[in-house]
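One structure follows; several queries about it will come next.
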Amino acid sequence: MPENKYDVFLRGLAFPAVLVLAWILVGQFGLIDPRLLVPVQRVIAVPFFDPDGRTIWLSLVTSLVRMVAGFLIGGGLGILIGFVIGTSSLANRLIGPSFTAVRQITVFAWIPLLTAWFGNSDGAKLVFIALSAFFPAALNTQQGLRDVPIALIETSHVMRLSWRTHLFRLLLPSALPSIAIGIEIALISAWIGTVGAEYAMGFGRGIGIFLAEGREQFRMDIVLIGVVTLALVGYGMNIVLRCGLRRLVPWQRQNS
Amino acid sequence: MLLPLILPLSVLLLWQIATAREWLAPQILPSPLTVFWTFVDLVTSGDIVEGLAISLRRISVGFAIGAAFGLSLGIAMGRSAKLEQYVGPSLRAIAQVPSLGWLPFLMLIFGIGETLNYVIIAKACFVPITINTAAGIRNIPVHYVEVAHVLRLRRSAMLFRLILPGALPTIFSGIRLALGHAWIAMVVVEMLADTAGVGYMMTWGRTLFQIDIVIVGMVVIGAIGFLMDGGLRWIERRLRRWAPVHA
Amino acid sequence: MRAEALLDTRSSLDIQAVSKSYRVDGKPREILRDIRFTVEPGELVSVIGASGCGKSTLLRLIIGLDTDYEGDILLDGRSIDGPTADRGIVFQEPRLFPWLSVEQNIALGLDSSGASPAEVKRIVTEHIEIVRLNGFARAYPHQLSGGMAQRAAIARALVSRPKILLLDEPLGALDSQTRAYMQDELLEIWRREKITIVMVTHDIEEAVYLSDKIVVMEPEPGRVCGIVSIDAPHPRRRGTSKFSALKDRVLSVLVRTQSAASAGLVRSHPAAQGGIARRYG
Amino acid sequence: MIRSLLLSLLTLFGGAGIAAAAEPAPGAIHFGAVGSGYGQQVGTQLIAIAHIKGFIQAEVGDAVKLDFNYFTGTGPAINEAIANGQLDFAQYGSLPSIILRATGVGTKIIASGGGTNIYGVVRTGLPINSIKELKGHSVTIQKATILHWSLLETLKANGLTERDITILDLKTADQLAALASGSADAEFGTASVLPLRDQGLVKVIYTSQRDDPRATGPSAFFVTDAFAAKYPETTQHVVNGFIKAAQWVAQPENREEALQIWAKSGVSYASLKEEYANEQLHDRLDPRLDDFFRGQYADGIDFAKQQKLTRKDVDLSQWVDPSYEAKALATLGLQNYWPNRDVNGAVVSN
């Protein structure tokens, strides 16, 4: 059976299309309370025509800026710590177990402590986002370095490579695919963390607050568009990252 | 070896000093001893045990439902490329929306209560298990599949001798991921929209501005997460006794 | 009486004008062209040739993994359609399921036979003895050496009592010592089981040592360029001048074709080894 | 030491203008209050009037930057911000402030913030028309807030106890979901429930304004001990501004403008109008720390203790500091502008 890329793409759209159709029909015949399930056209119109809905653009930009900042801090620190415990066995024994233990605490459970320490300011949100990004980045970096083939490390020792060469010609390139995955997960986590922090901490602007306020005012159209935006950003980031990371690790064979 | 203890102990020491010298207000950072006694209080009063019992029941039921659906759909998707093409993209898009995003709708549909918890936890488990099961099955080496054809294995043998064991490592990492997600989702729901469980206990601690309760909650959540992950690793090792042990 | 029993377990194979091509990037690429040869019941036939001559593809057609070809493949006069119990195959790699023990792996060969568990147990035990893996029944594949794993794979192919056994370079990945030993094992099994065998190999010496008949193929597209009959009795002695003469005969058929001499045999060997090393490394 | 040195240097070189000032002006003053919805950063209390109409700015001078923060997270969020030193002044409900005080964070009550009307609503279609009929039903509130307090007070007044109903502790948005999905039968809330009634989701069976003024949710205006100790004069200026705002709101001709200001917060104008209907803002938003105020706060403190919301006692007399207000009223000549009320809210003298 010839697998046309276009056909496959269309098939992927079938399920969402059925859903939207059902949504439209339900709205047309008023099967569900329209206050709960807002008609499609109203949801789509919200970010453009509704004065409250239009704040979504600013909210989105604020959230994205917040996410990038938190991601850079958390992801950067994560790679650093992951690198240290991945290359130094002393550091691994010193920090590793604590790291594993702390990692088990659901990131969300940090929120009450962070708000007590930093209030509901941007600082608390930033710390939370950084924390969300930190663990996956650190974990994957460590794993990537730990999985550098022993045979290659031995080769490097036999050739008496300098530490610099060892690092830049062996360790980093070899761990790069894993680090890249870590960055990918870290960015997604940062996004979820951003929305979660805004949602749970309130105060200020952001897509999470947009959602929370929509709920508080019982504006389901605003809630719906908020969730859709949230999903689209996540999905979009995923695609962009896939393309970007593929270039970063050109020697790795991609399975389709 | 004492080495791993150095860091936690020095943090504890620094914490004790910080509170003793009042570098930070005790309302913001209660002393380790306060936290310890709060923990003892919460255990003896039954608050923690009760909350944990509720949380664990939720996670068991939700996980069972999510895993059952996830494995079935995952196996079906792994075996049928067409089904995967129809359902796969939607599923991966759904995976992008955190439980937090679903909360508003699910709350309206299922109300506040146990059903909501089960649904959210089941959803958190369902997605990673489905995706990993499908991928695990699809990635079974074609070598082995050919052997199965040549030996003309029956459907049952195909499933239990080839597909499930072959996909097991991937399925299992899906299950571990799922349980991690489920635990997170449950804590989130309990913290945001519930009136019982460990997560609620923490929110309550926040409301009362009693940070010691919050810290106790974090420790309990961390410990349970640790135990669950460790337990799953142990089960996986038992199930994979055939695999060579890595040095 | 005895002759009838023999006829029952041995099969003849008739390859008639088989051709096969794939489409690569939209363009057809010919893999096999007009392959013809027959295998008499109880014969051990080797197919030899440089890599890329379609030997393995041919085996896949015979076993029924691939049914998209032109021409006819007749087993006892009937054309084949998908894998059946009367043909068994051993691949180049053992392909044992790593999560099953040796006896469970071998029992897979009886899965579709409808045999009772007790019967399965008996047959499997018997075959573990035939391939001399006593004591390893409960071992997992990763605990076996390459030779042992390949013997387990042979046992798995034999348990269903196939009339014809196909071997796809089954000894290619083994060191030379194990290989020589396994060749004798194979002869022993062949002799004892009274079975028809078609074996693909790239090792002339192995072909000469084992076969009744050697089908020599040349690559691009895969064609039969000669069939050499070996009528020396078993056991054959490798060092003898007669053995060398037989090898030379096969070689001369091979070198007649330009491509085999320059690109094929000489280079094929290390390349194949490299491939294996990568897979297991 | 260093600061006083710097100060004397400043006095030396800075000229006579600020020479007499005993305290340096703060660079910025941070205010916190409850906000809601979209719209501008503004709330629905006296502080919002003082903010928008610039009463405080006028008192402290233009050199001082005023920073107003309206929190959607309500009580706990403001507590956290105060504890972190992010706020110098705050106006919010009694219970969260009692909880914070009980943990030992230093604040002073410097004025009353006036009351918030509290509404009891039930899902439409349920045959419940009074508080008494709530027996056996589930009521959703956010615990440890004035709504919690108000609900239990109201139950008590109707001969019911906490055990007669099921309390669902949820945040505002989740309360809506609980009502809409049928998980909860009733809700106690502020004017934010009125749009729900307008959408036909709920009907109002109780309002504190109509049924029991004492159950109207009290709020207060706070200054942190740290700020008051460091900037006593500035604190006095801020209180002056706050009292001026209360005086402005109290005048009937300003009522309309006040409602318009509050409506910018996102709470609908209609809801606000209804919240204050049939009532003088002069009475409802009385900034006086009189017996009525103290009585309500004392009730709140008892309640918090009963409900085990606090671990330590709160001494109201140590907490309320009426000196700033007294001075402000004297300065502005408003000593008799608001009457004294007894603990039940009845006017005792003028």
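In order of appearance the chains are A, B, C and D, and numbering begins at 1 in each one.
Keep in mind that, in the parts below, a residue touches a chain if its C-beta (ideal position, glycine included) is under 8 Å from a C-beta of that chain, and two chains touch if they have at least 3 such contacts.
What you see is a predicted model, and the numbers here were worked out from it, not measured in a lab.
**Q** Going by the stated contact rule, which chains contact chain C and chain D alike?
**A** Chains touching both chain C and chain D: B.
**Q** Report the chain whose CA-based centre is farthest from the CA-based centre of chain B.
**A** Relative to chain B, the chain with the farthest C-alpha centre is C.
**Q** Find the geometric centre of each of chain B and chain C from their Cα atoms only, then give the gap between the two centres in Å, rounded to an integer.
**A** The computed centroid separation for chain B versus chain C comes out at 49 Å.
**Q** Any idea how many Å lie between the Cα centroids of chain A and chain D?
**A** Taking the mean C-alpha position of each chain, the two centres sit 39 Å apart.
**Q** Could you grab the centroid distance between chain A and chain B? Build each centroid from C-alpha atoms only and quote it in angstrom.
**A** 18
**Q** Which residues belonging to chain B are in contact with no fewer than two other chains?
**A** 27-28, 104, 108, 192, 206, 209
**Q** Can you pull out the residues of chain A that are in contact with at least two other chains?
**A** In chain A, residues 36, 115-117, 215 touch at least two other chains, as defined above.
**Q** Can you list the residues of chain D that touch 2 or more other chains?
**A** 76, 80, 83-84, 173-174, 177, 180
**Q** Among the chains present, which pairs are found to touch?
**A** Listed by label, chains in contact pair as A-B, A-D, B-C, B-D.
**Q** How about chain A: which of its residues touch chain B in the complex?
**A** Per the touch definition, chain A meets chain B at residues 8, 11-16, 36, 90, 93-98, 100-102, 104-113, 115-117, 188, 192, 195-196, 199-200, 211, 215, 220, 223, 227, 230-231, 234-235, 238.
**Q** Please output the residues of chain D touching chain B within their complex, sorted ascending.
**A** Of all residues in chain D, those touching chain B are 75-76, 79-80, 83-84, 96, 99-100, 103-105, 143-144, 167-171, 173-174, 177-178, 180-184, 309-311.
**Q** Would you tell me which residues of chain B are touching chain D in their complex?
**A** Per the touch definition, chain B meets chain D at residues 25-28, 104, 107-113, 192-193, 195, 200, 204, 206-210.
**Q** Which of the residues in chain A come into contact with chain D in the complex?
**A** 35-36, 52, 55, 115-121, 201-203, 209, 212-213, 215-218
**Q** Which of the residues in chain D end up touching chain A in this complex?
**A** Chain D reaches chain A through residues 36-38, 69, 71-73, 76-77, 80-81, 83-84, 86, 172-174, 176-177, 180, 192, 195-196, 199, 201, 266.
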